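Here come two complexes built around chain A, the first alongside chain B, the second alongside chain C.
The block that comes next holds the complex of A and B.
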């Protein structure tokens, strides 16, 4: 079996401006350097409200509030052409955009070690709101209300002042804290634990939506592969893991186990390949590929946004989940025989990378560039990246693919712009590292395939391995999603069939001997 | 040897554009001294 079915998918956002504007990597660095007071004073004026985030088209596209096709037709800039109230809903076809007070409650529900303290009234309010969420279970709501996680504000303030706790804010007030996990271990500081618990909580939300979207009973899930960029561990093994199993536990997937796959932004595509191979081989009955999001990536480019007087839009922790099952001929499939691999020897030149991820796998399958209806390479929202000087990443990638298609004589040079328009994708994902890495388009691609509008899409992820200072290399991987084909029925052979076949063979032999 | 001969170069690459090592390879025979080369990621 070289194909697996994509049974469902979920995409969620957790609005987190107050947490992000203090503990996102860029603001956090500025606070601690003490050298960027002007930026820090200005940032709060450029934060986006939850209501505004709901009306912002890229966010609704991510959670499936509007279709990808509708998104493509919208007037830009999206930030000045907000969606109508009718379309700006919390819940979309794929998932939801959760407000920050509920996200903090969910983080508390994901805490097993009394690391999260929320002020009692805040915790109760958050739990009450969470109880209205269709995917949040009663057990999760009860966990928010555990006495060990609820404390007086005076106790919280003491924990922050005297024991290296990290204050949590809502409406500008301290409403809780993350406690330090160890007096000296740098891998268990409150700041690291906030990142990991937020990654876990956002992953839980995505998995819960996946279970709802697919109608799967949590106890039927066999395995989880988590593919974010966080590292959970202690001083002895600083990224030992395992987010996958921790997420499955909170989601009630009692028969599942799991493990983590890492590779910077190439992690999700590699995790999809890993999951598909395990399901195709029969090693697992089904696998949920899940990723929570990143607190450090919040407001990563906000220095430039603030400098240019623009809204700082990097305020959502993203997450996603995809359910891989055996191919039964009824759902979009992921092919395992056409995989893009950026080898060590391929080099880092853009042409070499693009060739390894698109041309080479397509050629090996007897396909050409125009056989792929849509390419989804890195789907960052350009309204976030362009003001920061990082350009329009998805457009840059599809331009490179188009140029390679011309070089390989798959299209004529004058047809390049048409190819870019017809086969490219517009980015709508938050700059959450692994989150925009091709995978946001798995959902829309499957929807377009089910509607008969496209037959084939390529998902491409690229990872900046060099950031870890282990190698100067980047990485990349890709795979194809296609429309299903009827699966040939394999009926059991009866004893009578075997007898008839033997008799037929014997009579043939007898005939030749005669 | 071109107009970069004898110059000192700082190369700032980008993952989805042109990475640092690719620029280094192109400029290897330019006669310039590459004193810093890095690739950054803003996404």
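The block that comes next holds the complex of A and C.
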């Protein structure tokens, strides 16, 4: 059976309300349409402060500030039942929630082409704060302070007014800009470059935390697979890549190479499978699966939040990283023989998708629905999605799995609610597309396995391919994480052993001849 | 309802008139009600092509017994029966019915 070990994981958030409320897809569209002034005027009143974001339980669960089990026991709504100061820390077991001024500094540090200009005093302040972050290297701090990235505010204003730059704000003031990468190329506008640089920077943060969490020397990382939903390229190849290598470079992983894997929200699960297969085959010694987050998805549902007088909570760029290594019998493992695969011919009905991702792989491995302790499908925070009419996504998914379990006679219908409660997971991830797609639970699942509380979890990602206008097909993929089993010792025979055996045999023959 | 779908419904409604039936598959009642309103009275959010456009189309939820009766039972079992267990078919049917009774010009008889 092919298995790989999950050595470690990291989960980070970058608070970005000022950037998001201007350049998130929904506000940006409203600004340009000129038709939604009331919404745009109201949005700033519904933004969440950094301190509030730190006290918000789903955020702390994502970065590992509180355990998943504690999160499950919390009183809801979380937005009205904030965590105590003691639990609302910047750093959690898995990663951190970085404030926006430092995130802008980190974006500048990730720029190679003088695309980010920060006002000098702001850059210095940001660099000073970043230097306090335990994962930010001295080299990264120095990059924030490169003269080519620091400019006078008058130069920044000219760049915005006259050369299609995009102003960056902090505390309501312009503190920098993203410059346009080309006078006519639509793939290199300042807005697209902001998306890509923010994706890169948030991916760097997640990779740095992964290296810290696993104790791995950056130079020991062999390969990176990046799996966000951003597209980096120019008009000749608008999503050519390569985020992975760009991220590895800033993180100091000098011996790593990398490539990007895409598949909408199913990207991360496909990237995990891709990475696991390469490590299991021996093609790579180890692989970090990494994804940065999305600026366009910030405040995606904020029209509805504002209309209903609710806090607009979609203010964090999410990121994660997972380190896949050969299985040595000591770490939670990812199985490669039980993979959910949504085929072209399967059809797009929820029933067909759910069956392809859960029932079919389990059946092929001789398992049934109740053999999986926890299912982690799309883990969107329902306090964000419900007011926007998108319902409670993880709950809807586990209900579908439970209903399929009834249809396949794995459980009785009256046991559905019990199954949902015991085997489901509660969503706590930001609505960042690929970020909530099952992968946030890799960390908690591994923790629960290590504590002996569960034996098996299923990670499920689904993708909305129709968004690219290429196909109307549904998509999805899944895999199992299990407790490790002791690896059987193999009696390896060395060259010296062979020599000794030959000599022994020869002397025996010589003895007989004599 | 997203802007592209509004445009598709608008195009179909303008081409075929109020004989064109809209069947919704929304999973929550609030959303179903808004979508039903959009294709009958017009887009209540005033964001899409149906803002201020009253197509008055007959609109039903897929779980409405009238629509269910039209479906192949084998296909229903294979494609939809699981969702019947998951969702609240009655609430969804009622949410759409409310809008249909107020704003649709034609109904299926």
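Throughout what follows, the second predicted complex is superposed on the first by the 491 of 514 C-alpha atoms of A that agree within 3 Å, B and C clash if a C-alpha of one lies under 4 Å from a C-alpha of the other, contacts with A are read in each partner's own complex, and residues count from 1 in each chain.
Please note the rule applied: a contact is a pair of C-beta atoms (placed from the backbone, for glycine too) under 8 Å apart; a residue touches a chain by one contact, two chains touch by 3 or more.
Source: prediction; values computed, not measured.
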In the superposed arrangement, does A:347 touch chain B (first), chain C (second), both or neither? both
Chain B versus chain C as contact partner of A:391, first or second or both or neither: both
Contact-wise, after the overlay, does A:503 reach chain B, chain C, both or neither (first, second, both, neither)? neither
Is A:436 touching anything from chain B or chain C once the two structures are fitted on A? First, second, both or neither. first
So, A:300: does it touch chain B (first), chain C (second), both, or neither? first
Given the touch rule stated above, what does A:462 touch, chain B (first), chain C (second), both, or neither? first
Chain B versus chain C as contact partner of A:474, first or second or both or neither: first
Chain B/chain C common contact set on chain A: 347, 349-350, 389-391, 396
Residue ranges of chain A touching chain B (in the complex, touch as defined): 265, 300-301, 347-350, 378, 380, 385, 388-391, 393, 396-397, 431, 433, 436, 462, 464, 466-467, 472, 474
Using the touch definition from the top, list the residues of chain C that touch chain A in their complex. 27-28, 30-31, 34, 45-47, 78-83, 85-86
Over in the complex, which chain A residues touch chain C? Could you list them? 35-36, 303, 347, 349-352, 354, 389-391, 396, 399-400, 402-404, 406-407, 413, 416
Which residues of chain B touch chain A once you look at their complex with the stated criterion? 14-22, 25, 39, 41-43
